[in-house]
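Two complexes come next, and they have one chain in common, chain A, joined by chain B in the first and chain C in the second.
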Partner chain A sequence: MINMFFHNLKYTFKIIFKSKSLIFWTFAFPIILGTMFSFAFSDIEKKEQFEIIDIAVVNNPLKENEIWNTFLKELSKENENQILNIQYTDLKQATEWLEQEKISGILNLDSEEVLIVKKNGINETILKFAMEEMKQTETLLKTIIESPEEKQMLFQQNRNKLFENIEKIRQETTNSIKDISTNNMSYTMIEYYTLIAMTCLYGGLLGMIALQKDLANMGSVGKRSSISPTTKKTMILSSMVASYIIQIIGISLLFFYTIFILQVDYGNHFFLVILLTIIGCLTGLALGIFLASALKASENTKTGILLAVTMFGCFLSGMMGITMKYVVDKNIPFLNQINPANLITDGFYALYYYDTTERFYKNVVSLILITILLIGTSIIFLRRQTYDNL
Partner chain B sequence: MTIFKTFLKILNKNKGIVILYSIILIFFAGFNLQTNDNTMQFEKEKPSIFIINHDPENTFTKEFVTYLKNNSEVVELEETKEAISDALFYRSVNTIIIIPESFGENFRNQKNPEIEIKCTGTYESELTKMMIARYFNVAKVFFSISSTEENFDKIKEIVEKEMKIEMTSKLNTQELKRVANYYNFANYSILAGCVYVICLILSSFKKENIKKRTIISSINEKNYNRILLIANSLFAMLLWFFYCFISFFLIGDIMFTKQGVGCMINSFVFTFCAVTISFFISNVLTNKNAINGVVNVLALGSSFLCGAFVPTELLPESVQKIAHFFPSYYFINNNEKITSLENWSLTNLTPILTNLMILLGFSFIFILFNNFLSKKRRKSS
Partner chain C sequence: MKKIIEIEHLTKEYKEKKAIDDLSFNVYEGEILGLLGPNGSGKSTTINCILSLLNFQKGSIQIFGQEMTPSSYEIKKEIGVVFQEVAVFEELTVYENIDYFCGLYIKNKEQRKQLIEDAIQLVGLEQYKKFYPKQLSGGLLRRLNIACGIAHKPKLIFFDEPTVAVDPQSRNNILSGIETLRKNGATIIYTTHYMEEVEIICDRVMILDHGKIIASGTISELKKLTQIEEKVTVEILGLLEKEINKMKELQNVIDVNYQNGLLIITYKKGENNLPKLMEYFKKNKINYQKIYSERPTLNDVFLELTGKELRD
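Take a look at the complex of A and B:
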C-alpha cells in the first residue's frame, strides 16, 4: 500500500509538471501579476505625499507689503517645512508658465491679493490653504492693532515685535499637535496580499486535476484507477499530498519573489505568516477537491468555476481596487467572513497593521473551519461512489 | 466573400463566449469608473476626518469642533478601535483627531494642552494639520490678551476669511477626468477583447486541414489576409461602438463636447491598432490553449505599464520610459492630452496628431510583420 502511495505520488507530480497551462496559472501568472503591481504601485504612495509647490508672485510691492513678504519667505525657506518655491516675475510671464503648467498658481499682490490657478487639484488646494493662512494672519494683526484694548500692550506697540510674537505662537502651536500615527500605512500592500490569496486558491486547480484522474466518471485513467486493487483512500490521499507539495513550492517561489525583489512587507511575525500561508494553501486545495467531487461537469467547466470563484473572492478582497475590501468589510461583513480570499488577505493585513494578533487568529480559525467543511463535504460525495457501468 | 461568410459562421458558433467576454470587459470599465471616484479623486476640497472628543461640554472645544466640521468632511464611523483603524488604513478617513479631557479649559488657561492625531501622511492629512494649527494660532493670540467669551466671535471671523481665487481654465476638469479614466481603461477592455476573440476565430482558420485547403485554392495570400483583416476589423468596430455608446450613459453630457468626440476618435484608431496586434499574435501563437494566458499578460501588462489603471503621473519614471515601446502609451497619452485641451489650434493639436500617427505606424508595422510571417509559414507548409 505504501508502495502504491509513492507510485501515485510520483505520477501525480509528473502529470502536474507536464501540464503547461497549470504551471502557468499557478506558478508564472502570480509572479507576472505581482511584477505589474510593483510597476504600477511603487510610486503611488510617494507621489500621494506632500511636495513643494512652484508658484509665481507678481506685482509684488516688496517694501509695502512686509507681512506677505515675510510669510512668503518663511514658506519658501529651504528646510523640512518648505511648502513653496517662489519665482518673482511679471504677470505676462507668469500666465505663460501657468498655461504650460510649470507653476501651480500665481499670487497677484496688486490691490487685493488674488490667487490665480489653472484648475482644481492637490497643489491648488494646498496653495489656497496656505494663502488663506497668510491672509488670516494679516487680518489678525490688523484686528489686534486696531483694537482699543490696552491689553494689546502685551505685544508692545512695535508692529514688528507683534509679528514676531505671532510667529512664536505659531511655532508653539506646531508642538501642541502630537502625531501618534503608526508607520505601517502602505495600503498598496493589500494588493500583494490578495495576490498571495489568489495563488493559495489557484492551488485548488492542482488538487482538482490530480483528483480528476482518480475519478471513474472523469476519463479512462480514472476508470482504470478505480478497478485497480489500490484503495481509493490511498490514491486520493497521495494525489492530494503531491498537489499540496507543488502548491507549497509555488507559493514559496512567490514569497521569495515578493520579499526580495518587490520588497513587500509582511510585518514582523515570520512564523505566523508561514502558518497563514500553509492553512491558506490547504483551503485552496480543499476548494479544488470540493468542486471536483461535488460538480458533475467537464474538466473545463470545473476549472472555469474554480477560476471564477477565486477571482470573485479576490475582487471582494480588494484586488481590483483596495476600496472594495473596505466597502464590503464595512457594509456586508458576513460576505467577507466566509470568503477564503478575504480571510487570507485580512490575516496578512492584521499581521502588518495591527499590534495584536486577535484579528489574525480569528481569520485563521475561520479558514480552518471552512477547510474542514469543504473536505468533510467532499468525503461525503466521494465515499461509496461505485458504478455498474459508465 | 467565402472567407467573410466563414468568419461570420465561426463568430456565430462562438457567440456565447464572445458576448460574455465583451460584456464582462465593458462591465469592468463601468465598475472601475464608479470606484475610481472614491480612490483616485484628489480634487476633494475638504479633507475627511474623524473626531474622538473627550471634552464635549467645554465651550472652546465646541467652537473648535464646529470649525473642524465646517472646514472638513466628518466621516461617520462606529466608535470601536478596529473600525477607526481600518477607516484610516483604507483612506476613508485621512486624520483622526483625539481631543483629550479638559482640553478647552487648559487651552483657555494657556497651559498648552496637546491634541493627538493619527494620520495617513497624505496631502489631505497635511491640510488637516494646517487647519488645526491655524485655529490654535489665532485662538492663542486672543487668549493671551484676554480670556473673554467675545474672543470666539473674533476667532471665527478671522479663521473664516477666504482667499479670492481666479481659475483660468474654463474646462470642467472633474468631469473630463472621468472621460479620460473611462477611455484609458479601454486600453484593457478593447485590447483584451480584440486579442481574445480574434485569436479564437483565427485559430479555426489555422487548423491543419483548412489551412492546406486554403493554400491550394486560387486565392491570393495578400487578398486572403486583407479580407480576414477587414472581417475582424468589423467585429472590433462593433466592440468599439458599444464601448463608446455606453460611455454616453456612464459619463453623461460631457461626451458631446469636443473632448468627448476626440477621445472616441482616438479609441477608434487604437482599436484598429489592437486588431493588427491581435493578427500578429494569432500568427505567432500555435497553441489554442495559450490564448487566455497571452491575453491576460499582454492586456494587463500594457495597461499597468502605460497608465490605464493608475494615472501616468503616478507611475515611476523608469516605467514611463519603458511604456514608450507600447502603442497603449500613445493612446493613453492622447486621452490625457485631449481631455485637458482648451484651445483647439493646430499648434496645440500637433502632439495629439503625432500620437495618432505613431499608433497608425505601429499598425502598419504589425501588418507588415503579419504578411511576412504568414508568407513564411505558407512556404514552409
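Take a look at the complex of A and C:
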C-alpha cells in the first residue's frame, strides 16, 4: 500500500498545484490581502499616533483602593510616558462628558462594569487593555500583600521596594500600551493575525478538493477511485498529507512575504507562532475534510461554504476591524471560543500581549479539540463504504 | 461456460420506488452482454450495485465465484469501469490521467508504462499524450475516459454508455477497441441507447424496464419475440385515408402508418410482401418515390416490449 500511498500523494500534489483557483485562494489571495493591509493600515497608523486619553474617574479610588490609585497616578503623570488625563468627578457629570465625547471612558470602581465606554475606537481599545493590565496587577499585588512575609517586606517595612514593583509593572503596562501605536506592536497586527488564520482555514479547500477525488458520492472521479483496489484509507490519508504539505508551503510563503517584504514583526515567540500556525493549518484541513464528507453538495457549493465560513470567522475575530473581536468577546464570548479563526488570532494576540503563555495554550488546546471533533465526525461519514444513492 | 458474474434476486429500493426489482442473471466468461433500457430502467443502478458502490436491500452478487463487497480488493483488481460521465482530471495530461488511474491497480512502474502505451494505442490517442482534457474534442475525451478505465487490463469491464455524444470516427474506434478487449479475453457488460451498437458487438442482450428484465437472449432470439417479420417503408405524397384503410386489408399486414409523407407497413410474415405491394400501387395508380424493405430491428423489439422508444 506504500506504493499506492506515494502514487496518490504525487498526483494530489500535481492536481492541486495545477488548479488555478486553489492556488489563488490558498497562496495568492492571502499575499494580496496582506499587501492591501500594509498599504491601508500603515497610513492609518501614522494618522493614529498615540494621544493622551481623557477619562473620568468616579468615586475617587484614592480613598478606597490604593493599588488602582497608584496606577492611575503613574499613568497620568505628566511626562513623556503619560497615557491618561484623568478628571475625578461624579457619575452624572462623567456620563454627560462621555455623551459629549469629551472623554473616552469612565472608570468606576464601585460598578461591576469598571470601565464604561461609548464607542469602540483606538482610545477605547487602549483603555480596555490598560484596565485589564491593572486588574491583573491588582490581583498580583493583593496576593503579595496578603502574604505576611511579603506584607512585611514589600509594604510595611520596605515601601520603596513595593513602589519599585509597581514602577516595574507600570513600565510594562505603559510599554505594552504604548506599543499599540508603534510599528513593533500595532493594532493592525490583529489584521495580520486574522490573515494567517484565514490562510490556515483556507487550507481546508485543499483538503476538500483532494478528498472529493477519493469519494464515490462526490463525482465520477471519486467513483472510479472507489472501485479500485487501493483502500479508501490509503487514498484519503495520502490526499490529506499532500494537502497539508501544500498548506504549510503556502503559509510559509505568507510568513516569508510578510516578514521580509512587508516588514511585519511577529514578536519574540516565533516558535510558538509556528506551532500555532501548524495547528491552525490542521484545523483548516479538518474543516475541509468535514465539509467534503458531511455535505452532499456540488464542489462549488462546498467551496463557497468554506470560503464564507472562513471569512465570517475572520470578520468576527477582527479582520475588518478589531472592534468586532471585542464586541463578540463581550456579548457572545462562546462564539469566539468555538471560532477557529478567532482562536488562532487570539493565540497570536496572547503571545504578544501577555508575558505568560496561559491564554496562548488555552487557544491551542481549543483548536486541537475542535480539530479532533471535526476529524472524528468526518471519520463517521468517511467510513461509509456504500451509498444509498450516487 | 464459466460464470463471471452471478446475480440472484437483487433488489434495490429508494423509499417506495423499486429501482431494481428481484433481478437475477449471469454473465459468462468472454461474452459481451448488452444492457438495454430507457432512462431510469435500472441499468446504471444495477452496475453500481455490482460494483459495491450502492447498497441494496436484498439479493447476492458474486464475481469470479466470490461474494462482492466494498472491501473485495482482490476482485476489484480485475475490474475496469468506464462510466457514463467522463471521469478524468482537468489538471492532468492524457498520459498522466491514465497513469494515475492505472497506478491505483499496478504498482510496478515499468509494467504500468507498457500498459499505458497499450491503452493509448487501443483508443488511438497516440498523438494526444501531452494534451490536457480541455484541449480534446468530445470524442477524444470519451476515448481518454475509456483508456483510464481499462489500462490495467481487467478481466471484467463495465461500459456505461461510452459512446454518448461522440463523432462517428470515435464511435467506430471505441467499438473496435471493445471488440479487441473481448478478443484479448475480457468479459464485458455494455449499456447503451444505441441499438445498432448492440447489434454489432453484443453476444447477448438483456432488456430492462422498471428494474426488471423484460427480455433476454441473443439478438436473433430477441427478434423472434416480435410478431413483425418485415417492415416496408414508402415515400409517398398525398395518400388518402380510404387508401390507407384499404392497405390494412392486404395479406399479412399487421399495421399501416402514414405520417409526413412516409408510409410504414408492418407484416407478420416476410415473403414476397414487397413485390406484391408494388403491384398493388401499380394497379391502383398510386405514385411513390422510394420504397424499401427491412427486417425487424432490436428497436422494434424494444418498442413492442416496452411500449416506448429506447431514447425516451
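Note that the second predicted complex is superposed on the first by the 250 of 390 C-alpha atoms of A that agree within 3 Å, B and C clash if a C-alpha of one lies under 4 Å from a C-alpha of the other, contacts with A are read in each partner's own complex, and residues count from 1 in each chain.
Heads up, the rule we're going with is that a contact is a pair of C-beta atoms (placed from the backbone, for glycine too) under 8 Å apart; a residue touches a chain by one contact, two chains touch by 3 or more.
Fair warning: this is a prediction, and the values are worked out from it, not measured in the lab.
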Contacts of A:269 with chain B and chain C, given as first, second, both or neither: neither
First (chain B), second (chain C), both or neither touched by A:353: first
Partner chain in contact with A:37 - chain B first, chain C second, else both or neither: first
First (chain B), second (chain C), both or neither touched by A:386: second
Touching partner for A:112 - first (chain B), second (chain C), both, neither: first
Partner chain in contact with A:323 - chain B first, chain C second, else both or neither: first
Chain A: partner with more touched residues, chain B or chain C: B
Touched partner set for A:362, first chain B, second chain C, both or neither: neither
First (chain B), second (chain C), both or neither touched by A:229: second
Overlap of the chain B and chain C footprints on chain A, listed as residue numbers: none
Contact footprint of chain A on chain C as seen in their complex: 14, 48, 51-55, 70-71, 73-74, 76-77, 79, 81, 83, 85-89, 91-92, 96, 100-101, 103-105, 107, 148-149
Complex contacts: residues of chain B adjacent to chain A: 28, 32, 35-36, 38-39, 42-45, 82-83, 85-92, 112-123, 126-127, 129-134, 136-138, 140-141, 144-146, 154, 157-159, 161-169, 171, 173-174, 289-290, 292-293, 296-297, 300-301, 304-305, 309-310, 313-316, 319
Interface residues, chain A side, partner chain C - complex: 3-4, 7-8, 11, 14-15, 18-19, 213, 216, 219-221, 223-231, 385-390
In the complex, chain A residues that touch chain B: 20-21, 24-25, 29, 32-33, 36-37, 39-44, 47-50, 95, 98-99, 112-122, 125-126, 128-133, 135-137, 139-140, 143-144, 149, 151-152, 154-155, 165-166, 169-170, 172-182, 185, 187, 320-326, 329-330, 349, 353-354, 359
